[in-house]
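Right, one structure below, let's go through it.
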Amino acid sequence: MNRINPKYIPLAATALVMIALYVLGCVLYPNFTSPRVIVNLFGDNAFLGIAAVGATFVILSGGIDLSVGAVIAFIGIFIASMIASGMQPLVAIVLALVVGTVFGAVQGSLIRVFDLPPFLVTLGGMFFMRGMAFVVRQESLAIKHSFYQQTIRQLVIPLAPRVNIPFTAMCLIAVVVVATYVCVYTRFGRNVYAIGSSENSALLMGVPVGGTKIGIYALAGFFSALAGCVSTFYMQSGNPASFVGLELDAIAAVVVGGTLLTGGVGFVPGTLMGVLILGLIQTLITFQGNLNTWWTRIAIGVLLLLFIVLQKAIAGRGRA
Amino acid sequence: MKKLILLSSALVVALSGCGKKETSTSEPSGGGGKSVSVGFSQIGAESAWRTANSQSIKDEAQKRGIKLVFSDAQQKQENQIKALRSFIAQNVDVIAFSPVVETGWEPVLQEIKQAGIPVILTDRAVDVSDPSLYATFIGSDFVEEGRRAAQWLADKTGGKAQIAELVGTPGSAPALDRKKGFEEVLAKYPDMKIIKSQSGDFTRAKGKEVMESFLKAPDAKQITALFAHNDDMALGAIQAMEEAGVKPGSEITIVSIDGVKAAFEAMTAGKLNCTVECNPLIGPQLFDSIDAVLAKKDLPRRIVVQEGVFDQSKAAAELPNRKY
Amino acid sequence: MSDSLLEVRGLSKSFPGVRALQGVDFTVRRGEIHALMGENGAGKSTLIKVMTGVYERDAGTTRLDAKEIFPRSPREAEACGISTVYQEVNLIPHLSVAENICLGRQPTAFGKIRWGAIMQRATQALARLDLDIDPSRQLSACSIAIQQMVALARAMDVSAKLLILDEPTSSLDERECEELFKVIRKLRDEGMGIVFVTHFMDQVYAVTNRITVLRNGQLVGEYLTSELPRLELVARMIGKDAKEVAAMESQQPGMRSVRDEKPFLEVRNFGRKGSIAPLDLSIRPGEVVGLAGLLGSGRTETARIIFGVDKPDCGEMFLDGERVSISSPRAAIRRRIAFTAEDRKIDGIIPNLSIRENIVLALQASRGTWSKLSRAKQDELADKFIKALRIKTPGPEQLIKNLSGGNQQKVLLGRWLATEPRLIILDEPTRGIDVGAKAEIEKLITDLRRDGLAILFISSELEEVVRTSQRVVILRDRKKVGELAGDAISEHAIMNQIAAPTAESKAVVDV
Amino acid sequence: MFNITHISFWIVFAALLFFTRKQRILWPLLALALLLLFNDIFTPGFFNLELREGHLYGTLIDILKHGGIVMLVSLGMTLVIATGGVDLSVGAVMAVAGAVLAQAAINHQSPFVAMIFALLVSLVLGAWNGLLVAGIGIQPIVATLILMVAGRGVAQLITEGQILNFTDATLVYIANGYLLGMPFTCTLVLVLLAVTYALTRGTALGLFIESVGDNDIASRYAGVNSRFVKFIAYVFAGFCAGLAGLVAASNIKSADANHAGLYAELDAILAVVIGGTALTGGRFYLLGSIVGALLIQTLTTTMYARNVSADIAPVPKALVVIAVCLLQSDKARRYFTRLFPRRNPPAAMTETLTAAAPKVEAGS
């Protein structure tokens, strides 16, 4: 017990809660054991998961990104209207990813160059992107292109009879694997931890703080844009009014996943577990079938509280 | 570690408590044979109309002893899609839902089709290329509602009106269709014109705020009529008019859509002129169709909800009947 | 020895309103340890920060190995061969020791970090310094001294030509310092150039070969350590005649006698695990008790438990003979105890508030939220202390962050004097302030003592302790090791106690 | 266009700008003046004021009336931000307060009992935030995020998912009534402003809040009960949010748990920051926050008046956020002054420049 590094305790707690929720579902509802439930968890939460991975990097560096939901909505409607105006889907997706990355980089530059608080800059970013989404188009727009209606739909891995792993779930898993690799095995990833733990020290240790910071927000922008793309695969449409408040779910998932909001400690797989926990709560409430869905918010709130108090307790003990 | 165990056990207790509640509230009344289960995904609980709609469906399910899995999407399409997919996992017999927006349903509907579950749409339609994705659509004809509102207004004013319009949430089906139907009829009357139009988001607060700004424009005096896409916005606008010293219902003729109780109260008070009913009580019709679908009977593609047009003359008589 | 490694010529740097460096020349040769000396504000820090790329210079050239360099970030400086160890450990607490050593230059293969190689390199780097630390350990779990060694290991990990040590010893004890010196002597013998910044005079004479002195952003001169007597060095640093300094040093108050009163504060067997071993201490009204010892010997920790910042886990405390327990600074203030903390910036000033607000804060806090001091009363207090303490400021509404260190310290003293304390604990009140202000504060302490205050005085500078204290308590390794009173107080005696071997220190005689 | 009220308005405003030329509040006032001037020239009827039914009527009055909610919230938010924190839950607290009010009114409680009940509940919610931040020491963003997420759910539970309508004249008066020809909300804001001013400047609380926000540790060493100070700030923010919740509910004579106070937290934070209080804490400016709230509302009302679709309204808002951020950033201002050197930089600017100087040598 003493040998366990205290920074892994929140991660263990997250895993435990996740398993407990799943077992609870299986005990209460017979259909919960269906592999479809698990496939749905990954597929339905893919865009949230991808955005949360981006948020993990930002939070690891000690920042915060409130623009996530608005960027996803913007990218969705952007892709939809580009395709509607005759652009090749792949070109539109690449363009969207570039736009998202550039937007993130601009946010990062404002934060870095002018020393502005990330909270305010990304708040401005959120307003801006939400408005721009409506500038692109005021209404939702379906994507009608064979790439979407056939190619993407066929990109599945059969798991059980009539149960397929959808492309969105594959995207999520790929993103988690790549992001974990980036965190553990690249200098950029380690620099993110260093900056989040102590920006000043990182600077004096020769970490390229400026570039890394801009890179982190650019990466978060990229992941948000990717989440936007995945949302178009998921819904085959774009809607400027969608994903309001998604950033809060993403932050909640990151915190529940064991990442310290002050930065410096955290794990991408933990974030995935956090997303799955939020999804499980929602699924449980849907299966229950009669509970006001507002209980979802309350349950997430309670869970957040428990995890934050847990982190606090561990941090307090670590210091003593 | 102890804390963790405590924490997780607390969660288990909390949620199993919920679980127990479920078994007691939605127990299928023994109707003989295998009980039918229906998954219904509702948009949210954003207005009185919507809650009446939900209640009607819940009541009817209970009356017929059908197990209803009800899910509220909090206005979010992604939540609704999640709910639909979870219905598949739960193996319900029929899925019904009121879509938040028209687009974006194709993939999940395909999946439902593959799972062999029939789908019934309520309230709002969807935009899909394959019509076999749903069995039928029960709902009001929003275009028709718009037409009725325009027709009533034309009859009332003798075809002469300068109209301010409070539009619903941009991009939503009711907002688009009601506007379309309204303008269709207006085209026949050259002296009726929409001179102001802005979104009031279907909410009272926004309706009030937008109306206030209408009334402050230099050409405010020209407004003789108001068309609100729902009652809530009209009620907000009435407040704005009263504050501006404009008499709602006489100086400005007001027509709106929905027919909620508060609208009838406003009509009896002489502040609202007409509401075109948009009936939320679709429970009986919905479950009739579900029975028909399960019995493999053919259904019409479109089932229109019965609704009427009420003006001040009928309001007093109708008011006691209004439950929502 | 004329083999110059680093040549800085005509370096200038100004900040808005301040000319921090004016045409400074600085030369470091291969295989020497070069002390960079100067009072606070002399420009040492700026010079180092320009060399390490933290600041951009306005004018001047830097040559390393006869090649002109222009580092714009610590990273570029490192790439040129300049490594730095800073005063406060500037490492990443949440990462492992190994990663801290290799951060920013981890060995990679096709962009993938090779963790095995990191461990190996870290182990080697630690071995080179004869350190036995598990490189996979999280840094925050290590002691400060170990962290400082890790920082040195990190600096050594690159093939550095020039090593800059910016006050590396301030958080190390004597033994650890010796370890450090052993290492840097070894590095010197390997041909490295080392710049050593410290304010411990002994250390300068113990390890350095050469001294460069700066004053007010200008070069005073470069000297061979062996040819510059201590007194001369001090004189050059403060820009005064050597005789004057000698006179200053000999200024003895000659007032070791204390009124025979009952102690105001008395603690018995008072301690806290991990901070300070149980000790006895008493302070009488009108008495200055010096707390001497090296940094990290438990001086600040003692002050903190007396003031209620940390809770003691054993012992008793008496005020005026009455047993009390103080659980928070607020409780201490209510008992008329005051405490100026060691780190003015973190624990003392409220930077964006005015001098007036800073002065009334403690008094107001002791009165509570609801009985506000009237503005007239506040102005009166502010004026009184600005005059009495001779705070140099255009007016009481000036923000305290715009004052010099010495004046900030005076404002903080004013803050506490406004509460009319009976005991005041001064933790390094003269740290980081210029000589003139130092003398003023020393005089103030003496005046306060005459007014009947009990004073606990903590300082790293022994002369200061000797000059002002009636009694001196000596701490070492978080333990009280001795106490001197009256004429027994002398720098020599204190040093003896501090340096005494551990075995003897156990036989402590209580007074 | 050039009537008497009009000209006198601008004279008063110009005088205001002149007298505040050396204070922080100049910036938001100047921005407000520019926006109003723009409307004066390009938006017909924007400045029309008339007497209708015994009270003033016009777009300007609307701004005051609708800005009331953000103004109320921002007063509490100012104190929280000054302690170095932030309260994200105010929108949710508004929804809960409205829900409690409506539920109590529907259950035939007297209007005053209903109001007291709603305010008590919001005090409790504020205390909950205070407990998490000051008691347990959780980071404010996270601590208040909990209530932000869960609070609206609680409001929804109280209203049972319905929009609850009420008709009580007293309750309706809060947002719709007029006192001395001005909207009653103005009176409410003025009273709360006076109360806040008395609470912070009449006592030592203001000094303590600023010192805690500026340097928490040093304040504690000076004997300031920093936990208590923070706790009070969150409780007060809860109270202000509750009051705003009453206004929001009264405005539409109903409690709408979904929409009441949506994004109020963002608007309030924005108002506070525009008003000159730094997000990092320290000095606070109550009047600045009021002006900030007015600026935001003027922006929104301008959108309506100019018939700009409400959906793209966030874009200009975003630009204002970034512009305000840049104005507040010392670094950006330095860039700016380098671009446009001038002889007499405003007071705020010289202050930062001289402040930069001693910092330089601090490390040595």
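As written, the chains take the letters A, B, C and D, and residue 1 is the first residue of each chain.
One rule holds in what follows: a residue touches a chain if its C-beta (ideal position, glycine included) is under 8 Å from a C-beta of that chain, and two chains touch if they have at least 3 such contacts.
Keep in mind it's a predicted model, so treat the numbers as computed, not measured.
Peer 1: Between subunit B and subunit C, which partner chains are common?
Peer 2: Chains that touch both subunit B and subunit C, as defined above, are A, D.
Peer 1: With chain centres taken as the means of their Cα atoms, state the distance from subunit A to subunit C in Å.
Peer 2: Going by mean C-alpha positions, subunit A sits 45 Å from subunit C.
Peer 1: Between subunit A and subunit D, what's the gap in Å when you average each chain's C-alpha atoms?
Peer 2: 31
Peer 1: Taking the mean of the C-alpha atoms as each chain's centre, how many Å separate subunit B from subunit D?
Peer 2: Chain centroid spacing, subunit B to subunit D, equals 35 Å.
Peer 1: Identify all positions of subunit A at which a residue touches two or more other chains, and write them in rising order.
Peer 2: In subunit A, residues 134, 138, 240-241, 292, 294-295 touch at least two other chains, as defined above.
Peer 1: Going by the contact rule already set, what residues in subunit D reach two or more other chains?
Peer 2: Residues 156, 161, 309, 311 of subunit D each touch two or more of the other chains.
Peer 1: What pairs of chains are touching here?
Peer 2: Touching chain pairs, listed by label, are A-B, A-C, A-D, B-D, C-D.
Peer 1: Over in the complex, which subunit D residues touch subunit A? Could you list them?
Peer 2: Against subunit A, the touching part of subunit D is residues 86, 132, 136-139, 141-143, 145-154, 156-157, 161, 266, 269-270, 273, 279-280, 309, 311-319, 321-322, 325-326, 329-332, 335.
Peer 1: Which bits of subunit B are touching subunit D when the two form their complex?
Peer 2: Going by the criterion above, the answer is residues 44-48, 51, 54, 72, 75, 170, 196, 198-199, 201, 203-206, 208-210, 212-213, 216-218, 220, 232, 236, 239, 243-245, 262.
Peer 1: What residues of subunit A sit close enough to touch subunit D in their complex?
Peer 2: So the residues of subunit A in touch with subunit D come to 64, 110, 113-117, 119-121, 123-128, 130-132, 134-135, 138, 240-241, 248, 251-252, 255, 261-262, 292, 294-298, 300-302, 304-305, 308-309, 312.
Peer 1: Under the touch definition given earlier, write down the residues of subunit B that touch subunit A in their complex.
Peer 2: 1, 3-4, 7-8, 11-12, 15-16, 18-19, 21-22, 25-26, 39, 67-74, 76-79, 81-83, 85-91, 101-107, 110, 114-115, 127, 129, 169-171, 176
Peer 1: Show which residues of subunit C lie in contact with subunit A when the two form their complex.
Peer 2: Against subunit A, the touching part of subunit C is residues 52, 54, 73-75, 77-78, 84, 86, 89-95, 99-100, 103-106, 108, 111-113, 138, 140, 154.
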